[in-house]
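By written order: A, B, C and D. Residues from 1 in each chain.
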Amino acid sequence: MASIKKIGVFTSGGDAPGMNACVRAVVRTGIYLGKQVVGIHQGYQGMIDKKFINMDARSVRNIIQLGGTVLKTARCAEFRTPEGREKAYKNLVEEGIDALVPIGGDGTFTGAEFLSREFGIPVICVPGTIDNDLYGSDFTLGYDTATNTVIEAIDKIRDTAASHDRLFFVEVMGRDSGCIALHAGVAGGAEAILLPEKETAIDDLIVKLEEGALSKKSSCIVIIAEGDKNGGAYNVAKRVKEKFDFYDIKVTILGHLQRGGTPSSFDRVLGSRMGYAAVKALIAGETRKMVGLKGNMIQLTDLEEAIHNHSFKLEEDLLEMATILSI
Amino acid sequence: MASIKKIGVFTSGGDAPGMNACVRAVVRTGIYLGKQVVGIHQGYQGMIDKKFINMDARSVRNIIQLGGTVLKTARCAEFRTPEGREKAYKNLVEEGIDALVPIGGDGTFTGAEFLSREFGIPVICVPGTIDNDLYGSDFTLGYDTATNTVIEAIDKIRDTAASHDRLFFVEVMGRDSGCIALHAGVAGGAEAILLPEKETAIDDLIVKLEEGALSKKSSCIVIIAEGDKNGGAYNVAKRVKEKFDFYDIKVTILGHLQRGGTPSSFDRVLGSRMGYAAVKALIAGETRKMVGLKGNMIQLTDLEEAIHNHSFKLEEDLLEMATILSI
Amino acid sequence: MASIKKIGVFTSGGDAPGMNACVRAVVRTGIYLGKQVVGIHQGYQGMIDKKFINMDARSVRNIIQLGGTVLKTARCAEFRTPEGREKAYKNLVEEGIDALVPIGGDGTFTGAEFLSREFGIPVICVPGTIDNDLYGSDFTLGYDTATNTVIEAIDKIRDTAASHDRLFFVEVMGRDSGCIALHAGVAGGAEAILLPEKETAIDDLIVKLEEGALSKKSSCIVIIAEGDKNGGAYNVAKRVKEKFDFYDIKVTILGHLQRGGTPSSFDRVLGSRMGYAAVKALIAGETRKMVGLKGNMIQLTDLEEAIHNHSFKLEEDLLEMATILSI
Amino acid sequence: MASIKKIGVFTSGGDAPGMNACVRAVVRTGIYLGKQVVGIHQGYQGMIDKKFINMDARSVRNIIQLGGTVLKTARCAEFRTPEGREKAYKNLVEEGIDALVPIGGDGTFTGAEFLSREFGIPVICVPGTIDNDLYGSDFTLGYDTATNTVIEAIDKIRDTAASHDRLFFVEVMGRDSGCIALHAGVAGGAEAILLPEKETAIDDLIVKLEEGALSKKSSCIVIIAEGDKNGGAYNVAKRVKEKFDFYDIKVTILGHLQRGGTPSSFDRVLGSRMGYAAVKALIAGETRKMVGLKGNMIQLTDLEEAIHNHSFKLEEDLLEMATILSI
């Protein structure tokens, strides 16, 4: 394989805190190791629209602490067609980009896998998504920050819940993964946690809430992942209300504020390590891999496995612990 | 009038950050000036249920930084009846409480006004509500903290909005008052602000958003007070979407997290000053007044005027400025 | 006077949170009203070095939430000489700048006053300094944010102080003004507050601390403005230690982190209002004035009075209150 | 071994955020599993002074989000003597406490190891210290929060550094361990990081700073662990100043505010898991172990090894990466 000369870096899919730390790491590591680096704005759409920007070390100054992504992100229907991808690849070649660091979730990876398979361009992906739902990394970029954002909100809600003897249903992000809900539920001292991976009968929830009421809890907070099978916080609240009126009941949907915010120390270090490792892996001749954190070490996973393996299971022991700790 | 011996302090209505700073000030000022102080839990309900707790200086230690109210709050239907109030007053007499510092909004004040008029007990009220909608004080307790909570959320939403070229509709508290919406809208750099006090035609809003799109704004945030006449953020979003699809559109309802959180420096100083002034006013023989901040001075306003005067108007100049600053 | 065509805006002296909100307001208000606006980098030094940047509405996008100043600031010895000022003015004329909005403290104002007096260029100044020590405005830009930064630090210190039964001496900014120390001391529930404006005998401080120990306080925090006559936190700690050893004693100097940070809602609104008002005043033909907030209204004060009048006095009543509330 | 009936839990040594989450977990897990739980105030001193408090599930309500430790902590000279330990043990027996969960650092563990060896009482220790310097756990309790506190301070300092073209030396905690300095340095984008584990020649530091100046860095931040061999931030600043004056130089000592603050999500989950696991281990008959997090699993390590093994080494690769990422 010919030596890499110019690395393209981009963010795609939902933005996640820490992406900027990762972009900064890709740019500076690449430059330090004698490569050129190009920022591609708006992901795959930007490849098609030729939104290429040459980066130098100063291009990424003072961005490590910023939420969102300075390279922006976008959905791109055209890229899902063979013609779209061909156009994108032609533009990359024209620009001289001969390797890619895509940062995003499984949709991003799927695009990168296509590009690499169809045209042979080396890709090393970075898992950037708040959902923490990718095989091959203990943590995805943005997850720690999002969880902290959720518990700051829960702390605020607890203040008012405890002042009023109220029951709050708080809906957090996670269509397929209950990771944010579970960890934020433990950290927020939630009385119950409802997850996509595990069905919760409303009657069982009510029993749990009644026990709390009997043991003189002055307030209750129930965390509900958006993907919970009962249909979200409003539906759960409605059904609980029909049978249980010990507390005044309120609902909060945290929504998109979970995506933003200045990244935590953990996510900045993680983004830096992943971006650094991705460039090193590309230069070492690797391709079609995802960088990930396992234990305290950076490891590579086959991209296809990262995309298709959904074998990581819910931390059932944490869920059991959460039940015990909220007595 | 006989000298006051024992002051009752309570919080009622919606909780607001800074209430604890105020309770602390009432307790310690009262004790310092040789009075006894009793905390009444859960407001008027607590009077009826005899939830009286003797306070000493250490009872309020380490609470100045806490959100919510350590005295708790509750709605109380019984107190709205003459019999309920008589029971409450009987309990106050039995407990030896001969003066009151109620902390809350106009509902709280109305209850206090009744008690005072019907039974002659001296009351000095403190305006504690995040809405900043009371005559007689430039600021109510909790408003500054709530506004900061809103802009922290807007900052996070802006991160993700700018990464995706999105248009967000963010609904904030304020049924009758657009104060939070207006100030958070200015501070958050919102592209438009919809308020209860001023009807906004959806078509005018769309014109404004189109201008933003033309001037290459990468994202837009519209702040909507819950009392806006168009029917809240979901309705506005739906109606805008029908005619304007330049941006991807999202909705966030901030909800009750606006009530909680550790109070800002401003609210802690304000709560301290108001609690301190309320006790001094009671001891000086005042009654049926609300303490308020006008300019940088604490002033007393007749309670009836604080309850019934709604003459403060929207800061139209700020709204005009907001339009100019978001070009 | 000829109509203004091109407004120069700059920040000078110590940076303060909210300066960016003010720069944004000056730029957009100027443009909205048909003027050109030039950002001058690094204040007076930038005038001499011709660091002029034409601003459009998008130049100030997404800066309202940033700490520091995007226009940067610098000290400039050369500008203190008549030759330096002449050079600066010549450059302004060459650039076509015919009016100025300087943002800073009394040093900044003095420079502006000279320029205006010597060369007749209209200036409207904005008080941007965390010290809140300028006549003509109830609040200076950055003061509210700095005070919140201090109380967040005090809250953290209180956690560890209360866990260990410790006495902390915390030094905060304020060479001549005890405003931050006083308000943060009240808001942080400090046991004592030492200020430049009022000498505190160490023996009196020890008496106060002994009373706290007797009344079973588990920790004590003493706030000391850097300009206190006893010589700063280390000196006070040393002298207290010689006579009072009930608690383990620690010292914290908060230092420059008090200057930075994302501005509070209050400072963003204040910066916006002041920048907006400054441009409107210039266009209305005003000069040699400072915009300020009095009560809830923007008012103009003669620049010379803002510079030379030091008649605002310490809020003695707040200091007395602080003593009572910390029993 | 007889079945455990009453578990004593205490915190000792320096306080750390997350200790309260751990205490809550110990109490509720113990109660849920049919044991009694006693909180021992002020660690070993409290054992000697009989500061025992019976805990029920409600005793630990609403503490998961609090910094510091509700059980308080203290140093205890008497416990270092055999007589002191005998007295402590006698009091434990009298109180019926037949197992212990000590939370703290290596000093705490040493005390527990003595107690257990001399008197046979089962102990399972939890690593609670912000320094992250214990063998047997990837993370100690409080480290994540402390690192976040440091980067929040660095972000603020960066605002003002970048506005003024300044060079800041920021001293962070870590007498023997550079863990906080290294991670906060990476996360804060520091230009250089000085650690106890690795000597840095001042001349090499100056070369690095000169390179930064040449590459047009507008500001520099150097993080220095308090245990760095050059003698702390003031000394380093002084020596750099003698040879390098491109930037204005300032020093900040973050000090004890690094200990406090509401714990991060990570530390709350970690504290919960560790407390839960400690009780389960005690009940399972384990003793003289430390619970720790390895990868994503809770594991037990022999207490003596946790105390005496200092074989974990500096993450040299992270330090190298930090150098590259700050070009």
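Annotations for the structure displayed:
FYI, a contact is a pair of C-beta atoms (placed from the backbone, for glycine too) under 8 Å apart; a residue touches a chain by one contact, two chains touch by 3 or more.
Owing to the predicted nature of the structure, the values given are computational and were not obtained by experimental measurement.
Chain centres here are C-alpha means, and the one lying farthest from chain C is A.
With each centre defined as the average position of its C-alpha atoms, the distance from chain A to chain C rounds to 39 Å. Chain A and chain D have Cα centroids separated by 28 Å. Of all residues in chain A, those touching 2 or more other chains are 155, 158, 162, 218, listed in ascending order. Under the stated contact rule, the graph of chain-to-chain touches is a ring, a single cycle where every chain has exactly two partners. The part of chain C that touches chain D in the complex is made up of residues 11, 14-15, 17, 66-69, 72-74, 149, 153, 155-165, 168, 218, 250-261. Chain contact summary for the complex, chain D toward chain A: residues 21, 24-25, 28-29, 31-32, 57-58, 61-62, 64-65, 138, 144, 147-148, 150-151, 155, 158, 162, 183-184, 186-189, 215-218, 262, 264-266, 268-269, 272-273, 276, 294-296, 318, 321, 324-327.
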